[in-house]
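By letter and in written order, the chains are A, B, C and D; residue numbering begins at 1 in each of them.
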Amino acid sequence: MTYRLAPIDKSPFAAEREDDFTVIGSVVQRSDARGHVTGRTEFFEDVAPPGLLHLKMHRSARHHARIRGVDLTEALAVPGVVRILTHADIPNNLYTPLKLIGVEPDDEPILAVDKVRYLGEPICAVVAESEAAALEGAARVRVDYEDLPAVFDVEEALAEGAPLVNEYHGRNFFTYEGHHCRRIRFGDVEKAFGQADHVFEWRYESAPIEQAPTETTGCVVIPQADGRLRIHSDTQACFFTLDNTALILGVPFNKLRIVGGTVGGGFGGKVDVIVEPVACVAAMMTDRPVKFVYNRYEEMQVSSPRAAERIYIKDAVMNDGRIIGRKVTLYVDSGAYARHTPYGTTKAAAHMPGPYSIPNVWADCHCVFTNRTPSSAMRGFGVTIGDFALESQMDRVARALSMDPLQLRLLNAYRDGDLKAHRKVAEGTALVEVVQKAAEMVGHELPEAYRRMSSTTREGL
Amino acid sequence: MIQAVHLPESAEAVAVHSARGGWIMGGGTVVMPLVNSGAATRSELVSLRRAGLAGIEVRDGVARIGAAAPLSSVEEHPELAFLRPALRTIASPTIRNLATVGGNLFVEQPYGDLAVCLLALDATCEIAGPAGRRDVPVAEVLASGIAEGEFVTAVVTALPEPGTWYYHKAMRRKLNSASIVTVASVTRTADGVVTSTRIALGGVAPRPVRAVSAERLLRDRPLSPEVLTEAGEAARADTAPFDDAYASAWYRARVLPVHLRRAFAGR
Amino acid sequence: MAKLRGRGYASVNYPTGMNLGGDPSQALIHSTTTGTFVITLSSVDLGQGIKTIAAQCAAETLGLPIENVLVDTADTDTGPHCMGTFASRGTHRVGNAVIMAAAEARGVMLEVAAEELEVDAADLETDGTGLIKLKGSDEKSIHITDLALAAHFKHGRTISGRGIFLKEPSTPVPETGEMDPDSCQAHACTAAFVEVDDETGVVEVLELYNVYEIGRALNPAMATQQVEGGAWMGLSHALFETTEPYYPRRDHGPRDFAEYLMPGPADIPVQHSLFLERPAGNGPYGAKGIGEMTANAPIPAIANAVFDACGVRLTAMPFTPERVLRGLDALRGNA
Amino acid sequence: MPSQIVSLVVNGEPREFIARPGVTLLAVLREALGLTAAKRGCAQGSCGTCTVLVDDRPAPACLIAVETVADCSVRTLEGVAVGGNLDEVQSSFVDNFATQCGFCTAGMIMVAEALLDRDPDPSEEDVAEAISGNVCRCTGYRPIMIAILDAARRRRGESVEGIEGTAPARPAEEAVSR
C-alpha cells in the first residue's frame, strides 16, 4: 500500500502523551473507499422508487417586493404537472431552524406569503411526473410584484431610514438578549488606547462564498406503508433535519424517518433545512415519492453561502510589540433571514481577539439583515473571515513597528492559564509551538529567547 | 420540453429540419444545459452527429474543417498542429470531445476562442439553409450571425505560413477557464518590421473582434515591446469590454495591452 | 514586467464543537453472536471519514482488531441521536460517545470472559488480535468469537454498551460576553510563498507550509487528507471564490463550476504539512476537531505574502487580479 | 415524437431501453439501466461527476442526448472492476487515499482510464489536463493526481511499495528566491 502522510513531530508536549495504542494513530484504510472506487456507494439520489414525482421551485425574480398575486393557471395546464404547493399548503409555514436550541423569532416562510425578501426566494413548488414537466410548470408560474427598495450593504442596512428587510425582527439586526449585537467587554480598551504608543485601525471585508459540494442539496421522500415518511437526504445533521421538518409539518416526530449519512461534500451547506419540509408536504399530499434536489444554479445562488463580513479592528500597541487593547466591530451579512447566523456571530465574538492574550478587549458583533440570499454555516463558520482580518492586522502591526511578524505573534500568543476575553481560562494551548515549528520549516531564524518560549509557561516574556 | 431529437444523415436533411424550426445541436455543450434546466426555447433538436459534417481535410495549404468536427479532432490533427496550443486553452479535454468547431462560432463571449482564431485566420464559413448554400467570411458570421434556418457546414481557412501564427489567452486558471483576453494573429514580418497583420481579440467584446487600430499601428513597425504596448493601447478602441463572473470590463481593458504584447513577445 | 515573490505568515486557533455546547451525540454498540461489534450512530459522513474514525475508536477501546468492528450510521429509526456533522465536532463528540459505549461493552466482555476462564475480570487483558487473556499468561485465553457465542447461547449476556457525549450548554452573559465557547482549541500556522505578476495582478501561490496542532491524529492518512484539502480550500477562498464578484452589488453571480472559480489541478501549490499533537484532556484519545481550521490560516498568509511581494495590502476577499492590480496602480501613482 | 427504443452497448453488453426525446445519457444510465456510479453534479457539463467513456472517449453524460449516441459503446465505472477485482486505477485510488466524499470519484476514474489507455506513461501535466474538467471539492487534487500517476506505474508493472511523505520541508530561500 502506498499513501502520503504529513509527518507527526512528537517532540513538543512529549511529556503529556501516551502512545500505547494498537489502532489509534495508525493508518487504517477508509471503510468507504472501495464503495467509492467501484461506484457502489449509495448517495441519496441513487434511490429510485417507482412512481417518483419531481419537485421544482418557482423563485422570486426580485430582491425585495410585495407579491400582489400569483397565477398558477398556465403552470397547472402543463402536461404532467400534478400539483402546485403554495404557502397555504405548509402546515407551519413560518420557522427558524435554530428554534431547536431556543433561538427566536420564527422569521422565514417555507414558501413566500405576501412578500419576497431576496432574489431566488421560493414562492411555489411545482410537483410533476417528470423533471422536465416540473421545470416547465415552474417557468409558467406568473407572479405580480410590487417592487420595494432593497438594501445590500451591512452598514447601510443599519443606517437610519434603511428599508426594513424582515418584519419579524422589526429592525435590520438580530437582537441578543435585548442588545443590538453580541458583545465582548473585557478590561478597558479606551484606557488602553490612551496608554498605547501606537493605535492602528484598519478595515477588512469579504464577499459571500459558496460551499460548492459536488453533490447538490436534495432529498427523496417516500411514503411508507405504515403512513410514515422515509426521507433519503444528504443533510449533514439527520435529527436536526428530522426535528425541524416535523415542527414545520406539524406531525409527531416519529412520523418521519431520515436515512442518510453518505454525503457528497457538505462544508456547512447542508445544515439548513430547506428541501425536506416542502418535499414531505408534496409526498403527503400526493401519497407518492417526491424528489426535490437543487440544480447547480440553485446551489450556487440560492442555497445559503458563507456570509459576507466587514470587520474593523483597532489596536493599542506598545513599542515593544505588546498589544494592550483590541477593539473589534464586526458586521455579518445574514441576508434576509437569520438561519444559523445568530449562532455564527456569537461564535465570531467568542473567537475575538484571536489566539492572543490581550488585556483589554471590546467587540461588537452584529448579525445584520439585508436583501441578500440568506447566509448560513460554512467550514470555519464565524471564524474564517475573522482570521483573515486578525492575521492581516498582525502583519500590518508588525510592519508598522518594523518587527518580525512571527516574533510579534509569539510575544502576544495566548498560553495555558491565560484568561481569555470571554473569561475562560486557556488550557491545551499550542500557538507558540506551531509558530516555532513553521519558522523552523521555512528557515525563518528566531532568536534563542523566542525558540525557548512555550505554551505551558509565561517565562521569558 | 423537447418533443423530438432528429439525427439527419446529410446536410440536406439537416436543412429540412432546421427550416422547420429545429434547433441545431453540435456537441450539445451549449444546448443540453439549457434543455436540462428547462430553459430551452425550442422543442425539436437537430443533431449534426450523423450528418457527415465532421471531416477535416487539409490540401494545398488549405484546411476544410467540418462544422461538426469535435474540438478534440482539430487538436489531434497533425496538419493543424499550429492550433493545438489554442485548443488546449478551451474548456477541458472531456468537453473538447463533444464541443464542435461550428458550435464554437456561436457560443457567447468570453467563450469561443477557436472563433477568435478563425477570425484571425480570415476563415470562410460554408453555410447551408433553406435558400441553398453560400460562403461567408467568418467575420461576418461572428458580427451578424446567420439567418433563421441556416447552419454552418464547414469552415475553410488557409494555413498560416510558418512563423506567422500567434496566440495567447489570459485566464483566471491555468486550464479550463474562460477568456479574460484572447489574442490570435497572423502577422508577417520582413527585415524586422511588420508587413501585414490580422489580429483578433476575444474576451473584450460581446463578439470576437478584429483589433484594426492595433493592426494599423503595427504596420511597417517592429514587434518590439514598446510598439506592441502602444498597439495594445490603441486596440482598446476596437473593444467593448464587459463585466462578468471572471473579470470586470475595467480589468479586461486594463490588461489588454499587456496580453497583446505577450502574444507576440512572450512574457 | 516582473514576477515579484513574497512570503507571508498567519497563525490561528479553532474551537472544537458547537460554540456554546449543548450538542450531544450518542453511540450504541453491541456484539453479534460471532464477535463482530456493530456501532450504531446517526452521524453523517461527508467524506471526512467518521465511519472509519468511529471504528478505530471502538477497536482501540475494545482491544480488538478493526476488522471486528462495523459501523451502521444515519438511519434515525435505528441510530441514536447525533447533533450533526459540523462545527468540527464529529470526531470529538462521536469519538467520545463511541469510546464510552465501547468501554461499557468491554466491561461486559471481560466479565463474561472471566466466567468462561474462571478468573477475575480485573486480571484480564486484550491483545489486539481478538484474544482476551489472563495477564501474563499465554494459556488462559479465549477468542472473541468463542466468547461472543458463549455470552449469547450459554450465559445469556448481551455484550453491549451505550455512550453519549454532551458538553453542557453555556449561556453568554449579554453585557460582557462571558461564556464557555469551546471544548478545546486546535492550532495552525501557515507560511505562504507567492509570486505576483506586476502587470496583471495575478497571484500564484508557489508553496504552502502548514503546521497543525490537532490533539492527536487518530488516523494520520485521513488527517493528512483533511489538512491538505482544507489548505487548498483556503487558497481557493483567498484567490478565487465568491458568489458575488461585484459585492455588495448582486450581479454576475456564478451559476456553475465554470463561473465559480476554484483552483484546478494545474493551479495547486506544493504543500508541506506537519502535525503537532497536544492531546486534549476531553478529546477521544486526545483528538481535537480539525475539519474547519485547515482553510483559515492560508488566507491571511497569502494576503501577507502578497504585501511582502509587491506592497499591496489586500483588505477585501477574494484577492482577484483586479484588486492586486488596482493596488499596484495606486502604488505607482497612476490609479 | 413519442418515446422510442434506443440501444447502446454498455460495458460490453447490448442494452435496450425506452427514451423520452432529449433525455440525457446520464438519466438513461442512472434511471433506465440502474447504473448509478455516474453522478449528477451540475447537468451543465461543468463538474465532471457524470463522466463516462463514449466510444472510448471521456465525456460528460449529462450533455449527451441519448438518441445521438444510439448503438455507441458506453463504458461506466461499473464496467471497470472485473469479477469484483479492482483494476489498477481503482486500487491506486484506494491505496493513495484519493477519495474523500466519493462524489467525484467515478468521473475521475473514468478520465484516468481513458488517459492511461491512450498514454501509459503520462506526465503530471498530462494528468492535470486530463482531469481539468472534473471538480473535486475535498482533496485539493494532489492525491488524485498521485493516484493516477501511481496507477500508470502499476499498469506498467512497476513497484508500488513504500510510503511517500508529503513534500519534505526545505529551506525557503532554496525554494523561493526573493
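What we mean here is this: a residue touches a chain if its C-beta (ideal position, glycine included) is under 8 Å from a C-beta of that chain, and two chains touch if they have at least 3 such contacts.
Because the structure is predicted, anything quoted here is derived from the model rather than measured.
Novice: Does A-D or B-C have the larger number of C-beta pairs in contact?
Specialist: Contact tally favours A-D.
Novice: From the C-alpha centre of chain A to that of chain D, how far is it in Å?
Specialist: Centres of chain A and chain D (C-alpha means) sit 31 Å apart.
Novice: Counting in whole Å, what is the centre-to-centre distance of chain B and chain C, each centre being its mean C-alpha position?
Specialist: 47
Novice: When the centre of a chain is set as the mean of its C-alpha atoms, what distance in Å lies between chain C and chain D?
Specialist: Centre separation, chain C to chain D: 27 Å.
Novice: As a quick test, compute the distance in whole Å between the mean CA positions of chain A and chain B.
Specialist: That pair's centroid distance is 42 Å.
Novice: I need the residues of chain B touching at least two other chains; which ones are they?
Specialist: 1-2, 33, 36-37, 175-176
Novice: Counting only residues that touch at least 2 other chains, which ones in chain C make the list?
Specialist: Residues 7, 46-47, 49, 191, 209, 221-222, 224, 228, 233, 245, 253-258, 260, 262, 264-266, 272-274.
Novice: Where in chain D do residues touch two or more of the other chains?
Specialist: 22, 41-44, 46-47, 97, 99-103, 128-129, 132, 135, 137-138, 143, 166, 169, 172
Novice: With chains as vertices joined when they touch, what's the shape: line, ring, star, complete or other?
Specialist: Drawn as a graph, the chains make a fully connected set, so complete.
Novice: In the complex formed with chain B, which residues of chain A make contact?
Specialist: Residues 56, 132-133, 135-136, 138-139, 295, 297.
Novice: Would you mind writing out the residues of chain C in touch with chain D in their complex?
Specialist: 5-7, 46-49, 191, 193, 206-207, 209, 221-222, 224-225, 228-229, 231-233, 256-258, 262, 264-266, 268, 270-274
Novice: Under the touch definition given earlier, write down the residues of chain B that touch chain A in their complex.
Specialist: 1-2, 36-39
Novice: With touch defined as at the start, can you tell me which chain A residues reach chain D in the complex?
Specialist: Result: residues 1-7, 29-30, 32-43, 45-46, 48, 130, 132, 212-216, 262-265, 267, 295-296, 440-444 of chain A touch chain D.
Novice: Applying the document's contact rule, which stretches of chain B touch chain D when the two form their complex?
Specialist: 1-5, 7, 25, 27-29, 32-33, 35-37, 45, 47, 49-50, 72, 88, 91-95, 97-98, 175-176
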